[in-house]
Amino acid sequence: MSPLAQLLEAALFAASRPLTLEELATLDPEAGETGTRAALAELRAAWAAADHGVELAEIGEGWQFLTRPDYAEAIERAQFALRPRRLSPAALETLAIIAYRQPVGRVEVDEIRGVDSEAVIDKLLERGLVEVASRGEGLGRPLLYGTTPQFLEILGLKGLEELPRLDELSVALRPPAPAEEPE
Amino acid sequence: MSPLAQLLEAALFAASRPLTLEELATLDPEAGETGTRAALAELRAAWAAADHGVELAEIGEGWQFLTRPDYAEAIERAQFALRPRRLSPAALETLAIIAYRQPVGRVEVDEIRGVDSEAVIDKLLERGLVEVASRGEGLGRPLLYGTTPQFLEILGLKGLEELPRLDELSVALRPPAPAEEPE
Amino acid sequence: MSVPGNPSSTMQDQGGFVVELEQFSGPLDLLLHLIREDEVDITDLPIARIADQFLAAIADLGLNQAADYLEMAARLLRIKAQLLLPRRLGDDEWEDPRSELVRRLLEYQQIRELVDWLHHAAQQRADRFGRGFEQPAPDLPPPPLEIDLNDLLAAAERVIALIPEPVLHRVVPRPLDVEGATARITALLTEREEFGWVDVVGAGAGVVEVLSAFIALLELAKRGTCKVQQPEPFAPMVIRREPARAAA
């Protein structure tokens, strides 16, 4: 492995969160983002070639070493690490709406879900899965919410574009009129 | 690598503390301590053979992956480099509120931002950009924050009066061209 | 009302529903469940039947006090009633009263499908652990901070946009009942020519009652309905009917 790949390995191994390309590129300013990207590819390939229990994953707008899924159960059984708690259906519904409609206000989330979502949104804010993205127009300038990199991370996504496109879903939802204004 | 060596790798990586041989042996009861010891040796050899920035080490309390000593400096540099030099938008907003409203209490900052600002203010305190300026009246005599000389220094201002007046802001800030951001 | 928070605790003895109830994240969810169970066409809802089932379900589930569910029940009944109204022949303007509900149900159904997708993705991700051990960060001086005045000003702009009014004020829900206090004092004034402060607020009055009564009293005095006097410092107030304009 090239020295830069080794350096990246050490840095990624030491970190417990995904590191972005931008961050990693600061390790070797001469290599820049292009050189860093190449070294990352080299590192990933080296790890994939050997049979490892850990692999390099591109996730949540960054790079992170993660254990392979096959070992999760044994590790959890031995109580060396715990899988995160599942999100409730209410939390997932709210996340889905915020992910697809961001920036979106609470009233709209309430309307789509048919229930008050304040408590759920508060919990999502607390867990860092959504954040206040901006303020809307109109009365009281309501807070508008968006998803965070942490949201992508817990879903193992590189970016929002990896979410299924609405027209790929089995239910055809959007009414024919294309530019429907959310009320 | 053997499947057990891979499992050990994943477990050691995921664990938040060094793991002893006995603990590791619970992962695969069939292998027992003897088999586990052999797999650990295999794992250590695999890591030592390739040029890795990380090694498997047996330390006092058990086994743990550690970055190699020759990388310590690079890792340090990396952690140094990876530490944010720039303030997050949330921190900047909070700083702006404190700069313009000082002395100001946390409740007011929370109210303006619409979110809890405790962690952000703590970070600004830690960074030496704001300080406790006084105590307010009323229940619990809340802490009131103000900006520090260091804040001025970083911005290259001689004094707070050099901050643009609020009523100049909108005009001064609208850059000539940029695409309209939906706020 | 214990239902919306944790319905299962109140439902233990009703067995079968407990499991299901935890799956319903709201009235739309329950409605969708009923529709699926009936295998009816969502775009051509048999409203009367669905409405009856919905009412029965929320009664069974003990949800007939939960506002969100009641609202949906009312909506269903309204649509049912609208459908019963005679329709004029050749009325092109007629809009199916179900259409809004159908639109929402379809929208919600899509969300549920996304939920399944997100759930699956989260589960897969949960099977992969990140590094558990955090190497202690070396004790280095923090890197020099970079703050750009423009960034700060932009942040100030954003903040200014957040401030709804030039002056901050806090909106506190006011449990004050000035109207009630006014009525009480007015009644006292028609009864008696003169009475004390204690007669107005009673013995064990809380802060809210005292404030309500005080504001009412000031208002009545301003209108000239009564006169408020304090014989000496710290003495209880005495309220006297103004003879000029008898209390209404």
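In this document, chain identifiers A, B and C correspond to the written order of the chains, with residue numbering beginning at 1 in each.
Following the convention adopted for this analysis, contacts are C-beta pairs under 8 Å (C-beta built on N, C-alpha and C of every residue); 3 or more make two chains touch, one makes a residue touch a chain.
Keep in mind that what you see is a predicted model, and the values were worked out from it rather than measured.
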- Determine the chain that sits nearest the middle of the structure, using the mean of its CA atoms as its centre. A
- Task: Specify the chain most distant from chain C by Cα centroid.
- Result: B
- How many angstrom between the C-alpha centroids of chain B and chain A? 17
- Query: Taking each chain's centre as the mean position of its Cα atoms, how many Å separate chain B from chain C?
  - Reply: 37
- Note on the structure: Taking each chain's centre as the mean of its CA atoms, chain A sits from chain C at a distance in Å of 32
- Message: Going by the contact rule already set, what residues in chain C reach two or more other chains?
- Response: 129-135, 161-162
- Item | Touching two or more other chains - residue numbers and ranges from chain B | 10, 13-16, 65, 67, 75, 79, 81, 113-114, 183
- Message: Taking the touch rule as given, give the residues of chain C at its contact with chain A in the complex, in rising order.
- Response: 23, 25-29, 68, 72, 103-104, 106-115, 117-119, 121-135, 161-162, 164
- Note on the structure: So, in the complex, the side of chain A touching chain C is made of residues 13-17, 57, 59, 64-69, 72, 75, 80-81, 83-84, 86-90, 92-93, 95-97, 99-100, 112-116, 135, 140-141, 153-157, 163-164, 166, 169-173, 175
- Going by the contact rule at the top, pick out the chain B residues touching chain A in the complex. 1, 5-11, 13-16, 19, 23, 26-28, 46, 50-54, 65, 67-68, 71, 74-75, 77-79, 81-82, 113-115, 182-183
- Which part of chain C faces chain B closely enough to touch in the complex? 129-135, 137-138, 140, 142-147, 149-163, 168, 170
